[in-house]
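After this come two complexes, each holding subunit A, first together with subunit B and then together with subunit C.
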Partner chain A sequence: MIGGSPWSRRAVAAMGIFGLVFLTVPLIIVIPMSFSSARALTFPPPSLSLRWYETFFGDPRWMEAMWTSTLVAAISSVAALLLGGLAAYGLRRGTFKGRDWAEGNFMAPLIVPTIIVAIALYLALAKIGLLGSFAGLVIAHTLLNVPLVMMVLGVAIREFDPRIEQVAWSLGASWGYTIRKVVLPNLAPSVFAAWIFAFIGSFDEVIVTSFIAGKYETVPKKMFNELILEVNPTITAVATLLIVFTVLALAAVTLILGRAGKLKQTLV
Partner chain B sequence: MSDIRLEGVTKRYGTFAAAEEVDLSVTQGEFVTILGPSGSGKTTLLSLIAGLNRPTSGRIFIGGRDVTNATAQERNIGLVFQSYALFPHMTVLQNVLFPLGVRKIGGAEADRLARDALKLVRLDGLENRRPSQLSGGQQQRVALARAVVFKPDILLLDEPLGALDRKLREELQVELKQLQRTLGVTTLLVTHDQEEALSLSDRIMVLDKGRTQQVAAPTEAYLRPANRFVAEFLGIANFVGLPDGRQGLVRPERVRLSTNGAANDSGKPAKIVEAIYLGQMVRYHLALEGAQSIVAAVPFLGTAHVPGEQVTVSWESADIWPVT
Partner chain C sequence: MTGSGIRFIAPLLVLMVVAFNAPIVYMLGLAFWEKGRGFTLEHYEGLLETPVYLRVLGNTMRIALIATIANVVIGYPLAHWMRGLGSRARMIAIALVVLPFWVSILVRTYAWIVVLGNGGLVNRFLQWTGLTDAPVSFLYNELGVTIGMANVLLPFLVLPLFATMIRIDDRLLQAAASLGAPPRTIFWKVYFPLTLPALAAGALLVFILCLGFYVTPAVLGGGRVPMISNLLDTLINQIPRWEQASAISTILLIVTLLIFAAYRRLDRKASA
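Up next is the complex of A and B:
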């Protein structure tokens, strides 16, 4: 815990507040800039308008990127939830040989630098002819999000008494029936949280996407490309929308896990 | 309702034998307890019978049917754990209805069976509560109702009263015994609590390091243990030297104390070291000549000896049981 003396405690508090401000100020500056009427990026904005939101929603290329991002996030998050959930269950409940090795393999995309994952996926997808395809994009995002799902669900499964499942089997319930009627209803808050994390993880992804997406534009990839070409205030509007979306999603996770009393175990 | 038979059941994890060549035969309607310290293999044995685990070798029969390789689902067993293992998201009634739903019994008949089972464990009126709203004793009753509602062939209980406080445990022991007798279901209980084993069972199987030490009726195991381990595990054991060089067991209740000299030839002088008042009984720790110590349990009738007092201890030769 934090040291006993009031001075050291104050120092730690000051550092904490500084860190928080350092992290949030850039986000907070982006929001008023997105409502600016000026043609170039200026802070503070000379006057307020919604012109950059109109530009964003009126631009078919932005709308297409939005649609691609949403579709990729929707499919890959559900796929990651299925695969990661099954893997987490098998790893937590199983007692087979090579379990630690398998777990390390599943968690690798989270630990290995993203750029290396991106290059590996680039080469692998090129080899099977899926480079630049929509399917390739979905596969890559699924792979990146499986470890996130495994982390969230792994904790939840470990906390769930295996004897409850054993009793269900002894009462005659098959494995699938037990998962559906006993395990999933109790793990629902964590499953929802894992899905949200996977969805955001996919929606935010830019490094791997830049390597493998080919002609497909996702929202973060397009933002990055726009920044390179010209500094266009439209991206502040996009950024603001993304911030609002992420904050709402995380608030939903906090609310649901908090209600289930699981927030602490999942995040610590 | 069925009998249980284990033939040479062995479970090894690598070189470690959790259960070694265990034979046991439980007859229809019998209540048998597997008693042993932690790590004796008793829970392993239960999980093998429940089908949660497969033996390395040996065979398991339930109702004459070889279930050695059958899944838990195929065995028709009522299982109760120390941790209750109720389904947290279901009400009491839904918990009890679960095994009926699995068996495609629904509607009014399922409802009647579930309510009957809840009445049997005296929980009628609490049907719509959640497990988290019940006390430990009530939760264990729900677990029992859920385990018997579908008329299982056998009932397996893994330290079912271990999480409860003493008074509640004693109450539930009586109820459990009555429930078992009413239903006539063949029951196997696993515990490390020798008092529980002695009070509930028709027969006790004492297990140590994965091996059977003795299978006998409670009084038989208590008074005529097969070996020193059983003698010491089932209660306080005094060992006295016998003329043939063997050791003889004398239980504390069989030791007599007197203050006015030896009552018979076998009387020995002893000094009270400690007197422990237990309500109905007083337990004396005594020192005999030659540093030998002995424990006596005497009914408390208003007065007790005090430490330092000189007394004479004696026992009948019929109360000595030679052990190896």
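Up next is the complex of A and C:
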């Protein structure tokens, strides 16, 4: 590459490694801390124990939050996948007036500060009396997840040769049949990746949920509220579980996209 | 399929108009409305007359700017270093940047309490080396908030920047070298200008995200480092002043969209 003296190469390497350490060290430190026997957050932990995991799994409020989070994530990720997937297909394959506007609008929840989405939904849901309802929560999560789904599937659909679909239609297949039997099987790895991303997105959502969920507790909402009040080591156990969950989900995505040879286009 | 694409986007369009566009329009409306009197600008006048709001606004701008600069200073060398790695090491480095991106913001923010706290890793290290006697307070002040935000947003800068750097043809740099340019000149006259649009786009994106940041200032600032989002939270959930909150949200939304328009122009340049 840009030759440079050994000294300047070493300087770049040092700064690069510092950057990686800065990014990853907090995550790595949390894991041993979750096995600490002490109440205070001292590093390294004085001795090991599973007490914070016992506290977490033994607390019915945490378990209920876990259940709510899973349920909301399951419903909203599937809804986002269906609606976002269809829309991504329509946007990539169709030509109609206002297409750019529609696409910009679908991606907007990614750019509009989440706090504004939270406030707008809070005010609107309060107006129609749905503040604190389960339906409101699921709808909010769905629209926040749509951009993620559209990004992943938009790329995949663009890469998929439209002539293959045209062959199917010319042989007399209907739209629905073509999508089910031709498009979906080919896009399956990307659809799976999009679903995982949407699930993680919903499972981790905290801002909008804190504003509109009312009596419903999700894992991030409960975590956030506890963090504001006091530093409670149970959170280290929750954080570790969330890190493990993310690693496993990303590993699954990498594996499936990698097998389909689609890893590069989706991640970078 | 001219025209028929509409059928596929219709369901999502309905959802977005009802559950996203309408609430935002309603919120914008509240900011310009007073019961019984109709259109008004008094909620905006109220903002200008309240020093607290202006102070929070200034705070937010300053923290966002510092966090963005920190991102550039840490992110550029990181992306550049990743470009020069072998393919295996590069895959590992990419994974280490992508993973934090997907881990909950709460987890990443909380992790800094563990790392920066009085008994945390950094303070233990500082005391062990004898640099300080008493623990340095990183938490519940602007320093901690800035560190946390820079950390959370770093992947947003590094990933697109790296994608741009990796597309730069090595032969271009070799050509410059064969014409006798020293490495420093090649870097500043050839390489850096090619990465500048992506760097600027990434920095703008990070800045926008900083402006609306909520979780990190709330947790690492411990209520002592209010940013716009935390002020909005107070105005909605604690002292209900919905009109005032709507007015501030409108300003934040307009500023964000303006910066985003600039980002789009740069981003198109970067990927062209």
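Criterion: the second predicted complex is superposed on the first by the 253 of 268 C-alpha atoms of A that agree within 3 Å, B and C clash if a C-alpha of one lies under 4 Å from a C-alpha of the other, contacts with A are read in each partner's own complex, and residues count from 1 in each chain.
Here, contacts are C-beta pairs under 8 Å (C-beta built on N, C-alpha and C of every residue); 3 or more make two chains touch, one makes a residue touch a chain.
None of these values were measured; they are calculated from a predicted model.
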Based on the superposition on subunit A, does the combination of subunit B and subunit C result in a clash or a fit?
fit
Between subunit B and subunit C, which one contacts more residues of subunit A in the superposed model?
C
Which superposed partner A:137 touches (first subunit B, second subunit C, both, neither):
neither
Have a look at where A:156 lands relative to subunit B and subunit C in the superposition and call it first, second, both or neither.
neither
Apex subunit A: angle to the C-alpha centres of subunit B and subunit C, given in degrees as a multiple of 10
100
Could you look at A:213 and tell me whether it touches subunit B, subunit C, both or neither (first, second, both, neither)?
neither
Partner chain in contact with A:260 - subunit B first, subunit C second, else both or neither
neither
Once chain A of both complexes is superposed, is A:148 in touch with subunit B (first), subunit C (second), both, or neither?
neither
Working from the superposed arrangement, determine the closest approach of subunit B to subunit C, counting only CA atoms, in whole Å.
7
Okay, in this complex, where on subunit B does subunit A touch?
50-52, 71-73, 75-79, 81, 83, 85-89, 98-99, 102-103, 143, 146-147, 150, 156
Residues of subunit C defined as touching subunit A within the complex:
1-9, 11-13, 15-16, 19-24, 26-27, 30, 74-75, 77-78, 80-84, 93-94, 96-100, 102-115, 117, 119-121, 124, 151, 154-155, 158-159, 162-163, 166, 170, 173, 177, 183-184, 186-187, 191, 208-209, 211-212, 214-215, 218-219, 223, 228-229, 232-233, 236-237, 242, 245-246, 249, 252-253, 256-257, 260
Contacting residues of subunit A [partner subunit B, same complex]:
161, 163-164, 166-174, 177, 181-182, 185-186
Which subunit A residues qualify as touching subunit C in the complex?
1-5, 8-9, 12-13, 15-20, 22-27, 29-30, 33, 40-43, 82-84, 86-87, 89-91, 93-96, 99, 102, 105-106, 108-109, 111-117, 119-125, 127, 139-140, 142-143, 146, 197, 200, 203-204, 206-207, 211, 220, 223-224, 227-228, 231, 235-236, 239, 242-243, 246-247, 249-250, 267-268
